[in-house]
Amino acid sequence: MEHFALWLSAFLTLGILSFLYKDNPWYKLSEAIFVGISAGFWVVTLFWDNLVGKFWDGWQDEPMLFVGAALGFLMLLRLVPKIGWISRWPLAFIVGATSGLWLMNYLASNIMVQVMATIQPLFSTGYASGFDAGWGAIISSLVIVVGTFTGLVYFFFSKEHKGAFGGAARVGIFFIMITFGASFGYTVMSRMSLLIGRMDFLLGDWLGMIG
Amino acid sequence: MRQEIPLLITAIVGIGFVIQYFIPHWPFSRMSDWFSDWFSIVGACAIILGALNLMKVSIEKTYKRKEDWGYAAVIIASFLLMTIIGIAEGRGFRNPGTSFDWLYNFVYIPLSATMFAILAFFVASASYRAFRARNFEATLLLIAAFFVMIGRVPVGHTLSSFMPIGWQLSDLASWVMTVPQAAGQRAIMIGIGLGIVSTSLRIILGLERAHIGGGK
Amino acid sequence: MSTRAKELIALGAITLFALVFYFGKIWGWGTFEFPTWLSMVVIVLIGLSLLWVLILTLKGQLIERRVVFIYVAFAVALPLFMSFSQKITISPEVYQLHNALTELPAGSKVLISFDYDPPSAPELQPMAESIIRVCFEKDLKVIVMGLWPQGPQQANLALEKVFEDSAILAKNLQYGRDYVNLGFQTGNEFVIQRMGSSFESMFPSDYEGTPYREIPLVRNVRNFSNVDFSVNLSAGFPGTVEWVQIAVDRYGLLMGAGNTAVQAPVMYAYLNAGQLEGLLGGMSGAAEFEAVAGYRAKGTKFMLSQSFAHVVVIAFIIIGNVAFFRSGRKSKLKGK
């Protein structure tokens, strides 16, 4: 069974890799298996962990879960064309809940906390700690303030980017380019890591050539 | 009715979460708990709906013998295989040694992992063919990418080991990540945050109605 | 020879290669490791071939993309046979996470959320294994969960790997007392939101169906205030962003993160703002954590391939740009 499992894994891995040569039946077969298995994986996991684990095991303690189940059932009615419109109710619930939660989360964590973290004492490592920051820390703090502020100026499109405002926006785009460059570098790192993982499987687990 | 009730649901639920942020006590905390529980179940049903829809499309394609219907049949077969085995195995379906775990390890992992791994090839190809220092901004992008790519791996240390500590490639990569990169990232983060806050407000107030199939 | 015939020959060659080495594995050939001289020859050959690519490109001819693919495959695969020792420089954010974990008193509860799937496992699985191992070594209690459905299964794989270590096995750790896997719940950030008031309501039972209140480790864990530290291993949404926004900023949970390299840059803003207690970014983050924890596992092993792959990508960027400037900054290059 172990031999079969390894060869099956290798067959499917090479099937996906064969797309690099060109689109072909081997790739399409592997892709179709992937789609079916993924969908099955989600359904099984949601059935046991959520519908059974959360709803069925939990409704005695929390009868209000039935409202959630009812909304979920309405969602499934989308498959019935005549009354499919009723699935807008659970959809409205999802959109409303997400908007309400995100509104405050993003306002607090991604705006307020970030602004607070940008406005820090320049010559000190913290408030009431005296003049104890080194030159490196002072310069870094200044770079962060300038980068964040000018970056935000660049994103402000209600005013034409001319004069001092345009100059600040231009500095902002430099910082954003550095950010994109770093993100690109990390993306390369990430993609290569995934490939290394597959090579390790093919050359190690399957063919036993590497330890 | 078809528009008003969904609008009302959106507004009540949205405002409920906003109030709960400021008053995390009964009854708003209780309301938030209910909404979170319901979201979890509705979310599960939405994903199951997606899977059922995939089956509907695939069955239709197979039945009508449309182009590539054979692959649609494979989708149905593999979906049924995974689902039947998973459901039959009960709550411990993902325990090591189960058939579901076998399918996960030897079919799902190689397929999903390789599907994303092939992107490595396209990233390299794009780097060669499209990544050009056309102007100052693009050059900055390239330089930052260079420092990060070389400085975050051991070869960066080897190439710059003659430099004083603090000025080696790994140190420069670290500085780029934690200072100018973080500043740019923060600007983007605040910008996106403002966008999300305003869009959320528009949705809760009923000014944005695309999700209920309505315009202005 | 027709294209179909060439394709069949290539397929046959691959199958033959695989069969030879697979049976070699069964017959006990063992693993292969290049001697230093061979490694150097390989490196020189790759360098020379890149020079050839440069010359071709300077002549105005872009090499075919499949040739680039072959370079990438070799750059990733060949270093796996090499054994150069490399110095891994540890970033401050990696030290920070390691210190945060090791300074916890024995018996502290650490919540690890596995928010990733197999495609991201090469980066995040080594992190998961090292982090769990550090926790067990320091006698910390581990609570595992997942916001991604594949998470709990990846957690099981990581636990299996950690238990292969005889030192950890000797501790006789018990499921339910020393570690627990709560499984997966859908609902993304709403799961975290609900856990803020009650873990049990979100996870009425663990992944095997054991009721929450019958599990000794979590019986008294009501919400985040009963958890001493948390680590989020994330590959996207839902992940570290949502944990920071809700668990950290609303409920005051102390949290470190391990992220795929793709999303790690975003986390530096959170790290800088003090919302994260340390960060591991991508496979290099995993290797750095292994180095600081004193292990030598897959993160470290793969770093040579990672280095090679980065150098090849940088070489291709440089070659493309040299040709671009030589052609008077006009894209006159041709190729498929």
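Letters A, B and C name the chains as they come in the text, with residue numbers starting at 1 for each one.
Going forward, contacts are C-beta pairs under 8 Å (C-beta built on N, C-alpha and C of every residue); 3 or more make two chains touch, one makes a residue touch a chain.
The shown structure was predicted, so the numbers you read here are calculated from the model rather than taken from an experiment.
Once subunit B is left out of the assembly, the remaining chains are all still joined by touching in one piece. Taking each chain's centre as the mean of its C-alpha atoms, the one that lies farthest from the centre of subunit A is C.
Across the structure, the highest number of inter-chain C-beta contacts is found for A-B.
Taking each chain's centre as the mean of its C-alpha atoms, subunit B lies 17 Å from subunit C.
Remark: subunit A and subunit B have CA centroids separated by 4 Å (rounded to whole angstrom). Looking at subunit A, residues 10, 20, 41-42, 45-46, 50, 53-54, 58, 62, 97, 101, 106, 108, 110, 114, 117, 144, 179, 182-183, 186-189, 192, 194-195, 197-198 sit in touch with two or more other chains.
Listed for subunit C are residues 69, 72-73, 76, 119-122, 150, 185-186, 190, 193, 201-202, 205, 207, 209, 250, 265, 269, 272, 281-282, 284, 306, 309-310, 313, each touching two or more other chains. Among the residues of subunit B, those in touch with two or more other chains are 21, 35-37, 39-40, 43-44, 47, 90-91, 94, 104, 108-109, 112-113, 115-117, 120-121, 123-124, 127, 142, 145-146, 149, 152-153, 177-178, 181-182, 185-186, 189.
Contact residues on subunit A toward subunit C in their complex (touch as defined above): 7, 10, 14, 20-21, 41-42, 45-46, 49-50, 53-54, 57-58, 61-62, 97, 101, 105-106, 108-110, 113-114, 116-117, 144, 179, 182-183, 186-190, 192-200, 203-204, 206-211. Residue ranges of subunit A in contact with subunit B, taken from their complex: 5-6, 8-10, 12-13, 16-17, 19-20, 28-48, 50-55, 58, 62, 64-65, 67-69, 71-73, 75-76, 78-79, 85, 88-104, 106-108, 110-111, 114-115, 117-118, 140, 143-152, 154-155, 172-189, 191-192, 194-195, 197-198, 201.
Every residue of subunit C that touches subunit A in the complex is listed here, in rising order: 14, 18, 21-22, 24-25, 29-33, 66, 69, 72-73, 76-77, 80-81, 119-123, 149-150, 183-186, 189-190, 193, 201-205, 207, 209, 211, 242, 244-246, 248-250, 260-262, 264-265, 269, 272-275, 281-284, 298, 302, 305-306, 309-310, 313. Touching subunit B in their complex are the following residues of subunit C: 62-63, 65, 68-69, 71-73, 76, 86-89, 91-93, 117-122, 150, 152-153, 156, 160, 185-188, 190-191, 193-194, 197-198, 201-202, 205, 207-209, 250, 265-266, 268-269, 271-272, 281-282, 284, 303-304, 306-314, 316-317, 319-321, 324-325, 329, 331, 335. Residues 2, 5-7, 9-18, 21, 34-56, 68, 71-72, 74-83, 86-87, 90-91, 93-94, 100, 102-121, 123-124, 127, 136-138, 140-149, 152-153, 175-194, 196-197, 199-201, 203-204, 211-213 of subunit B touch subunit A in their complex.
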